[in-house]
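Just below sit the structures, each encoded as structure tokens.
First chain A sits with chain B, and in the next complex the same chain sits with chain C.
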Partner chain A sequence: MAYTLELDDLEDLARGAALLGTGGGGDPYIGTLLVAEELRRGRTIRLIEPDEVDDEALVIASAFMGAPTVVIEKIPGGDEPVTALRRLERHLGRKADAIIPMECGGLNSMVPLLVAARTGLSIVDGDGMGRAFPELQMETFGVYGVAGSPMAICDERQNVTIIDTGDDNRSMEWFARGVTIRMGGVSYIAEYPMSGTDVKRTAIPGTMTLALRLGRVIREARESQQDPFQALIDYLSGTIYEHARILLEGKVVDIERRSADGFVRGTATIATFDGATKVELTFQNEHLVARSDGKLLAIVPDLISVLDAETATPITTEALRYGQRVRVIAISTPAIMRTPEALDVFGPRAFGLDEDWTPVEKLAPL
Partner chain B sequence: MAYTLELDDLEDLARGAALLGTGGGGDPYIGTLLVAEELRRGRTIRLIEPDEVDDEALVIASAFMGAPTVVIEKIPGGDEPVTALRRLERHLGRKADAIIPMECGGLNSMVPLLVAARTGLSIVDGDGMGRAFPELQMETFGVYGVAGSPMAICDERQNVTIIDTGDDNRSMEWFARGVTIRMGGVSYIAEYPMSGTDVKRTAIPGTMTLALRLGRVIREARESQQDPFQALIDYLSGTIYEHARILLEGKVVDIERRSADGFVRGTATIATFDGATKVELTFQNEHLVARSDGKLLAIVPDLISVLDAETATPITTEALRYGQRVRVIAISTPAIMRTPEALDVFGPRAFGLDEDWTPVEKLAPL
Partner chain C sequence: MRIGIDVGGTNTDAVLMDGDRVCAHTKIATTEDVTTGIAEAVKTLLSGTQYEPSAIQGVMIGTTHFINAIVEGNRLAPTAAIRLGLPATAALPPMSSWPERLVRAIDGRAYMCHGGHEIDGRRIAPMNCDELARVAEEIAAQGVRSIAISSVYSPVNEECEREAAEILKELLPGASLSLSHEIGRMGLLERENATIINACLSELADHICRGLAEAVSGAGIDAPLFLSQNDGTLMDVDYARRYPVATFASGPTNSMRGAAFLSGLRDCAVVDVGGTTTDVGMLRNGFPHEASTEVSVSGIRTNFRMPDVLSIGIGGGSRIRSEPFGVGPDSVGYRLTEKALVFGGDTLTCTDIAVAAGIADIGDRSLVRHLDRTFIDAVLQRISEDMTNVVDRVRTSSEPIAVVAVGGGSILVPESLPGVGEVRRPEFFATANAIGAAIAQVGGEVDRMYSIQPGQRDAVLDDAKQEAVDKAVSAGASRSSVQIVDVDEVPLAYLPGNATRIRVKAVGDLVLAR
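And then the complex of A and B:
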């Protein structure tokens, strides 16, 4: 069922998308302001389900790419992702019929909304990551055979690069990352031009409205003085993100991060208030693995998010600070992201981790 | 007058182009083999003068880019520059009517010949550098207002990138260099799509046949037991490269070179056989400046080339070795390369050198 996004939805959507962003995807705050401005001007954003897309339609994925630490210093004007889309259309010789988020996490939940508002194109309620991932080949579109190429990259000075690596999505990422670094560490992209049939076959469905509902669940629990974490866990149990568990409650006792090669990488340590137990999180834009004293608690592609201990507001990796009181939550990914083909592309080994993937619901709690 | 290139011309052309390459542009040897193979297969290469190009024609510049040190390790298959051209044509939605060399130096005299042979397109007798330069904005096309964008870049795996930075040719170079580095340090490009009118207005005319004749002058002097250096100087005096002088005869006593950031940079020191006088050459792919004991002898954009002391065979910067017996020659550039606009783009300051440009013919000999 098509859904027209309202101004009041934006904060909930941003909150839910920050949760699904697993620490990455960029802080959605700036994006929320840009999208709100569009809605105030009377523009509409229409979310359609994958099943509502014509089989023959051309659908293009929209996003920013780069290190989230850079996005908060190098704020988008708003034209960049629209230019990326238009220039890819011109290169293809065909207009897009709809757009789809690359990832439903963080700022990248807002970038495609901005494009939808400015172009009038519908946006598919779904995405290619089911969370946020740091690299462009890490999309279910590509896992299930869609070529990411040709893709377009645009910066704030309207410099445009089009990359075509055929069906080699890893090489596409390699070149796009190089261009993004030379654009100052952040760029705006249009990629994975695909048919409606491809969307239905490869997208993770419903993730935009899921983000909206997760954000709403958190807010409503707060407003009614209930535990937002329990509300989240209860809500998720009825979705394709079925299993959620709190790994730890405590405070951030150490954070180390470095922006290099177009990513932000680092570790965060969260300790219980008595200091007896610690969880170490390793991230590359997004959290990849949670360990405690050498014991594996959760690992990519399952989701790991850090939330404010009181309000359940998600905290991105670039916003983590010493002393924050937080809870760490782990959430199972949908089945489409757990196949051998999917794990080849975005399982632990794809990030150079030594562990095999184990479903979060099978890992023992602390 | 159109000229059809013959197999016997290739070695002369390569020799002359290596001279005009001022140490850079890549070793033409591999290119000569590839072009010779095309001619042996019966393909023809037709050189036309700029005046023979229709005003409305679409002309595209063809070249390799990257560090010459890498080209000799990563040999082209031959398809790369053709693919770059074809993909740029597809992006433009228009077929090229002719191609033109980006630079008349070194391997880049051969790459466009290969494209001409394989596509049947005529090649304009002229180029945009009048020598070799290390960066893409350093072309008379751009100096006099032609946009280098959109350009296409191709690697040996047929990965293609199209870069469009509007009329900002420096940014084009910046992004193209980043892509080339990620392609392994060398790539093949099609750039500066322009009209026949632009070619007539901005190209340095006749440089391909000049290279051919310079190579022939050297060979014929050798064959008739005459001094090839004097023959060169005599021949150049009747061309737009009017002034030539020998800076030093001696041997290479020091060479330091490093490949980084997509270039090869370094210095070479040549001393007279008695060790009394030394000339130091500084290069970035190409020789930029010759100094002796702090005294300026020649500086970019004037040409500085190192030639074998006996045979006058040009030696590229990546082929310089300790102990080689050489003569260093400096040659004046044509007037179109000495205007204030031209010096802004490829004069000494553009390379971070502290000296102002002084014409080689005004600098005192040693």
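And then the complex of A and C:
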């Protein structure tokens, strides 16, 4: 069923998208402002299910890439992601029939909405990451055979680069990263042009409305004095992100970040209030792995998020501070993200971890 | 000797301190014009002692004037906001996320021009003098005299803001200019918001600061005048005139710092009960715990350093209802002395309950003799539960923590909070705000992007620390007392050259001339 997004949905969507951002992907707040501005001008955003897309339709993925910390300073002009889409259309010689988010976690939950509002195109309720990931090849579209190329990259001066690396999505990421740095650390992209059939076959379905509902579940639980964590766990059990576990409640006792290979890498240690148990989180923009005393608790691509212990507000790795009282939650990824092909692209070894993936529901049984 | 004054919405408290000793204190009603109230408070304060005004070496004032002006939306100057960042940033013009009410209150006008910097130091676009001249013309035609200037990445490179300010100064002589790099940290919208707030307060700041200075010199005191800032440090009155926005959250900060001083505790929860609200915050290492996320002031998102304070609507003037049973959040406020039962009024307030229960002795006790003991206990029980609940939300560990109660209404805080611990009510608890102002320190902060070459991290950090120390010293701190109280590094994702955002804060004791 198609769904028309309301102004009141944006805060809930942002909260849910930050949860799915697993610590990375950028704070969606600035995105809510951009989208709210469009809705106030009377533009509409229509979300359609993958099944509602014609098999022959052309669908293009939309996103920003680069450092979220740059976006909060160099706010977009607003046309960048639209120009990227239009220039890719011109390159392909064909108009898009719909757009699809590249990444439902973090700020990228909002950028495609801006494009949908400005172009009037419908946006597919689904995405290629099911969370946030740091690189462009880490998408289910590519995992299941869709080429990311050709892609278009645009900046606020309307400078555009077209990258075509055939079906080599890793090279596409590598070139695009270089261009993004030249564009001032952030760029807006249109990529993975694909058919409606490809969307149905390769996208993770329903992730935008999932983000919206997760944000709403947290808010409504808070408003009715219920435990927002239990509400989240209950809600998730009826979705393709079936298993959610609270790994620990405690205080941030150490946070160490360093910049390496163009990513923020580091560790955060959360200790229970009596100090008896600790969980160590390792992150590369997003949280990759949670361990306690060397014992594995959860590992990528399963989701690991840090939430305010009281309000269940998601906290990005950048905003983590010593002394914060938090709960760590781990959530299972959908089956489409757990196949051998998928784990090749965004499993533990793709992040340089010398470890196999184990489902969170096995690591932390109820 | 120093004098600390807290100008609240209802009362003005003043204390006279000799080093760490409180020599005298007084409380008078706040007056409509700043000058009379303060002059009166200083006079009353000194009249009870043998001290001469000439013995005073410094006067420290905490005021809620500026935040109240924003909350109430009055006495604000018509303001223009000019942002340098085109072609970037056009999607969200200045003030686009502000409540309509406040945009109207400041007659806010937004302009966007070319300029601003990239993270790597390049200009986004060259600045255009003609473009700025056209904006200046329009501003002049509308008679606007307060201008906020912001520019992309100005905390890293302030060139564009300075150049624009030069051009505008020439075209609009006498206009008051607020530059964002002097006011906020990274985050264009939050920094710009703070700058616009600062600009619209400029005329009021002029007026208030002059009033404060006159009141102090009128009392025969020839000593420097300081205002307290959000983070518990001081600024001199000239600085306050230029940056009134920095006083925003000084109220809670002062009461918390005052509580730390009076109780001798450096880590505790502070419960400050006023006429309308109870504010609860945590002290860490003698300083208020700051909010980790952006703080919204009257619906405007800012990134000020503000204490993380939770408020509930319970205070001395809170209204009490029996059907349905409830305490607050509405309050009779400054009309307590006419509305409360003990003062012959017709409204049952928390103060009446305190008097009836025998924990306070103000007004006419016989006027609350009729209240039922079970009902009184039920109200006190509710207050205790609500306060326990807030303290529990603020504290960061399940260990018992010390709780310090301050403020005029703190008689309402029970002797102990269930599951939290015993409550301390130090001597002079009612004037903790004014004491917090009197003992405030001065600080300096650096918040900027650095490109850190391999092996250079320590050197870069040392540079940043030195700059923060120098800033504290130039703000009036004695060099030997300055300490680094906060260091925070955030490397930027996806960029080469180890671009890192470093924040350093230094504070020290204020030097007072003998």
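Going forward, the second predicted complex is superposed on the first by the 357 of 366 C-alpha atoms of A that agree within 3 Å, B and C clash if a C-alpha of one lies under 4 Å from a C-alpha of the other, contacts with A are read in each partner's own complex, and residues count from 1 in each chain.
Note that in this section contacts are C-beta pairs under 8 Å (C-beta built on N, C-alpha and C of every residue); 3 or more make two chains touch, one makes a residue touch a chain.
All values reported here derive from a predicted model rather than from experimental measurement.
Once chain A of one complex is fitted onto chain A of the other, the partner contacts of A:94 are absent, as it touches neither chain B nor chain C.
In the superposition on chain A, A:33 contacts chain C only, with no contact to chain B. Once the two structures are overlaid, the count of chain A residues touched is higher for C than for its counterpart among chain B and chain C. In the superposed model, A:181 lies in contact with both chain B and chain C. Of the two partner chains placed by the overlay, only chain B lies in contact with A:162; chain C stays clear of it.
When the shared chain is aligned, no partner comes close enough to touch A:295: not chain B, not chain C. On chain A, the surface patch touched by chain B in one complex and by chain C in the other comprises residues 157-158, 177, 181. Taken together, the chain B residues at the contact with chain A in this complex read 87, 91, 93, 157-166, 168, 171, 174-175, 177-179, 181-183.
Touching chain A in their complex are the following residues of chain C: 85-92, 96-97, 116, 118-120, 122, 124-125, 152-153, 186-189, 284, 289, 292-294, 393, 396-399, 452, 489-496, 498-501. Chain A makes touch with chain C in their complex at residues 29-30, 33-34, 36-37, 65-70, 72-78, 114, 134, 156-158, 177, 180-181, 184-185, 251, 257-259, 262-264, 273-274, 285, 310, 313, 315, 318-319, 321, 323-325.
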